[in-house]
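Dropping the structure in here first, questions after.
We just call them A, B, C, D, E, F, G, H, I and J in the order they show up, numbering each chain from 1.
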C-alpha cells in the first residue's frame, strides 16, 4: 500500500494567486503485480496550490515507497493523485505517468482532479 | 478478418473518475491488399475508460493478428476503433495510425468515437 | 496546367464517421515561373472524407505532373486544393506547402476548404 | 529610417479564399542604437492576403535595408508590421522577431494586426 | 531581499498596440535556503507592455541580485512577478521558472498577472 | 531457412574503383524462435562491390523471406552476411542489425567480411 | 553481492567470425551505499563472443539482482565486467555505465577487457 | 548523358595550402531508369583543391542537368566524381549521394578519388 | 584562489585495470575578471584512475568554490586540471570547459595530462 | 581588406602545456563580391596556443570588420587563418567556415595551419 503519511507540506507563499507548479520525477520504479518484473516510468505532477505546497524531499521519499510494490499502471496513477489531493487540498491537480516499453508497447496515463466551486 | 475475441479486459480501478489512457504500439505490420507487400506503422490508442480497461498483452496479440492480413490504411484504422469500442464500451476513444513511406508519401489516419450522453 | 484527371478515388470504407486522413509528400518539385529554376517543397494534404478517398498512387502521379511546370507558391497551393476538392468532395480539406530556402527566405502556405452545412 | 518603398506586390491569385502565407527570414541583422554593435535575428511574417501578396525578392531587399540602421527590438518589430500593413492591406498579419542572445538573454517580440470588419 | 530598484524602463514605442515581449534568461542562479547549495534555472518573462518596457541590461542586473540569496522556487517566481508588475504596470505578464534536477526531480513554476479591466 | 536464391545482381558500373554502398532497411521483422513473438529491427548493409551490386528490389524480397521464420539475433546477422557474400563476392561487407527493445533491453549486432588479398 | 550464477549462455552460432554484440539496458537501478538512496543508470555491454553468447533473459535477471544492493558507480562497473568475462570468456568486452544526475553531476564509467593473445 | 561542359571554375585563392571545401546539395533529383519514377537525394561534394575551385552557380546548373535523366544510384555517384575530377584536377575528392526511401530502403553511396603522388 | 584542499578521494576499487571515469558538471559558474559579470559553463572531467578516485560530493564543493572568483576561461581550465592531477595522481586526465555565449561567441577549452611512463 | 591590427592578445596562462581553445562565432556576415548580396556564416576557430591567446572582444571586432566587405568563401577562410597565425604564432590552428544556403547549396570550408618542428 502507498504511504501518504510520508508526504510533508509547507505553506503556499502566495495563496491568493492561482499559479501552477510542475514536478517531474523521471526515476520512478514499481513492480508488475502479474509478472513480478520491475516497471519504470516518469511521474509528472502539476497542481495549482491552495494553502499548501508539497515539500520536494518528502515527495521523493513517497515515490520511492512504491519501489518494491506490485501495482498496475492505471492503479498507481489514480492512487498518487488521491494521496496528494488528500494531503494538499489543491485548487486543481493532474498526474501523468509515462512508462517504458513492455512487449513493444509504451503507455501514458493521465488523471485530473478539479475542486468543485 | 480482425479477431476482436482476442481482446481481454480488466475492471477499471477508478470508474467514477474520467481519466485518459494512451498505449503506443510502434511495431504494427499488415499487408497491402493491392501489392501483397508488407506495410509498417505505429498505432496510438487513446481512451477514457468506463467500466473496463484493455489488458495489454491481449491487445498486443490482437494487433499481431493483422500480421498477414491484407487491409488498407483507412480500413484498418476504423476496424481497430470499432473492435475496441465494442469490447470496452469506453467514454471516448481515438485511434491514430502512422505509416512508413510508400512511393515517397507517408500517411496518418485518425478516427474518434465519443459516447452519446 | 495541372491535370486533375490523373486523380483516382476509392469509396470511403466508413462514410458515416468523421475521421481525418493526412498524406505527406516531401518530394514535390516544380519550376519558378520567373527564374526557370526548380523549386522544392513538401505538400501536406489533410482531409475529412465524405464518400470518396484519394488513391495514393494516382495522387503521387498528380503531384509529379507539376515537375516541369512554372507556378508560384501561392498559386500551386490553391490549385492543388481546388483540384482535390473538385474530385473528392470532402467534408473539409487543408493543403500546406512548405518550401526550401530561396534567397535566405523559406515559405509556408496554408489553404483550407470547409463544406457549407 | 526603414524604406517601405522597396516593397513590391503582385495580385493575390485567389483573393476570395482566406488562406495564410508564412515567410521566415533567418538572416536579419541590424545595429543596436545604444552600443553600435550588430544584432542578429529571425523575422517571421505571417499574413492572410487580401488583394495583394508581397513579392519575395523585394521583401528580402526591404529587410536588408535595416543592415546598418540602429533600432531597438521592440521598435523594429512594430515598424516592419506597420510598413507591410500599409503596403499590402492584408486581412490580418503577425510579425515575430527572434533575437540571438545578448548578455545571456534572448528575446522574442510578437505584434499582430487585424483588419476591422 | 530582491531589489526592484535595479529595474530600469524605457517608453513603449507603440503603446496603442497590444503586442507581446518574451525575454529568456537561462543563466539564473540562487541559493537553496534549506541546504545552502546553489540552484540553477531558466527565467522566462512574457508580457504585454502598457506605457513602459523593461530595459534589458537592468533586468539582467536585477536577476543577478538573487545570486547569493536563499529563496524557494515558489517564492522567487512570485517575487519576480510582483517586482516587474510594480515597476512596469503591464497589460499582462507571466513568469515561468524552470529548475535543473535536484534529487532526481526537476520543477517548473508558472505565475501570471492580468490587469483588471 | 533463408533463401539466397531470391538475391539478384547487376554489374558494378565502376568495378575498378573501390567505393562504398550502404542500404538501410528499417522494416525488418522475423519471429523469436523461443517465444514465437515477432521481432523488429533495422538491417544496415555496407559493402565495397567487386564485379556485382545487389539489385534493391530483390534484396527487399530476400529480407521479407524472414517475416515468418524463427531466428535469433546473432544467427540472422551472420546468415544475411553469409548469403550476400556468397552471391556478391564483394571486396568487403558489414551487416549491422539493430533491434527494438525486448524486456527493457535493446541489442545491436555487427558482423564484417573482408576478402583475403 | 552480485550473483553471476544467474547468467546463462548459449553456443555462439558463428564462433570462427569475430563479430560484435551490443546489449543496452536503460532500466538499471541500485542503491547508493552512502545515502541509501536509489541510483539509476544505463548499462551498455559490448563484446566479441568466443564460444558462448549471453542469454538475454538471464542477463536481465542478473542486472535486476542489483536492485536493492548498495554499490558505488566505479565498483558496479568493474563487477559486471568481471562476472560476464568469467562466464562468457569472450574475445573482448566493454561495460559502460551512464548515471542520472546527482547533485548536478552526471557520470559515465567505462571498463574494458581484452583477452591476451 | 551528364554535361561536364556546364562546370565552370575559378583560380584557387590559396593553392599552396591543402584545405578542404564541402558543398552540400540537398535538392538533387533524377529519374529511375527502370520505373521512370523520380528519385530524390542529397549530393555531398568534398574536395581539396589544387589550382581550380568549382564555381557554385555552374555546379548547381550541372546538377540540374540530371533532372530528367534516367540513372542508377551507383552510376550517378561515379559519373559526378569523374566529371568533377576531370574539370578540377583536385588533390582529392569524395562524392557521397544519400537517397530518400524507395520500397522501405534508403541508400548512401560514397566514392573517392586521390591523386597519385 | 582555487582551494584544492576541498577535494576528497577514495581508493580505486580496481587499480590494476585501466578504465575511464567521466563526471559532467553543467552548473559551473565563476566571474569574469574584466567585467565582474558572471560566466556560466559545463565542466567535463575524464580520467583513468591510478590508486585514487575523486569523491563526487567533495568535487561538487570544489567547483562551487569558484562561484565568486574572477578567472579567465583559459586559466580556470588549467587550474582545475592542475588541482585534480595533484590530488589524484591519475594515469591520465582531460578537462573540457564549455562556456555559454558572450558577445555572440561561445568557447570550449580542452587540456590534457598524461603521466610519463 | 581585413584588418589584423584589430586583433589583441594576452599571455597564455600555461604556455608549457599543449591545450586546445575553440571559439565559435555564429553571427558572421560579409558581402558576396559577385552579387553584392549579404552572406551569413559561422566561423569556428580552434588553436593550440604558444605564447599568446586571442582576446575575445578584439576577435569579435575583427570579425565585424568583414561586415561590408566583398569576399568569396574560400578567400575569407584563408585570410582569417593567415591573420590569426601572423598575430598569435600558435602551435597549430584550424578555421572552419559554415555558410547558410545559397541557390539550394550550403558550403563548409576548412583550412589548417601546423607549425613546422
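In this section, a residue touches a chain if its C-beta (ideal position, glycine included) is under 8 Å from a C-beta of that chain, and two chains touch if they have at least 3 such contacts.
Predicted, not measured: the structure shown is a model, and the values here were computed from it.
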item: Pair of chains joined by more contacts [C-beta pairs], C-D or A-G; value: C-D
item: Chain pair among H-J, D-J or A-G whose interface repeats that of A-E, sharing over half of the contact pairs by residue number; value: H-J
item: Centre-to-centre distance between subunit F and subunit C (centres being mean Cα positions), rounded to whole Å; value: 37
item: Computed distance of Cα centres, subunit H from subunit E, in Å; value: 52
item: Averaged-CA centre spacing for the pair subunit J and subunit I, given as whole angstrom; value: 28
item: Residues of subunit C engaged with two or more neighbouring chains; value: 26-27, 37, 40, 100, 103-104
item: Subunit C-facing residues of subunit D, complex; value: 10, 12-14, 17, 19-27, 49, 53, 56-57, 59-60
item: Touch list for subunit D against partner subunit J, complex; value: 26-27, 29, 37-38, 40, 64, 67-68, 100
item: In the complex, subunit G residues that touch subunit I; value: 72, 74-75, 77-78, 102-112
item: Residue numbers on subunit I that touch subunit D, as the complex places them; value: 37, 40, 100-104
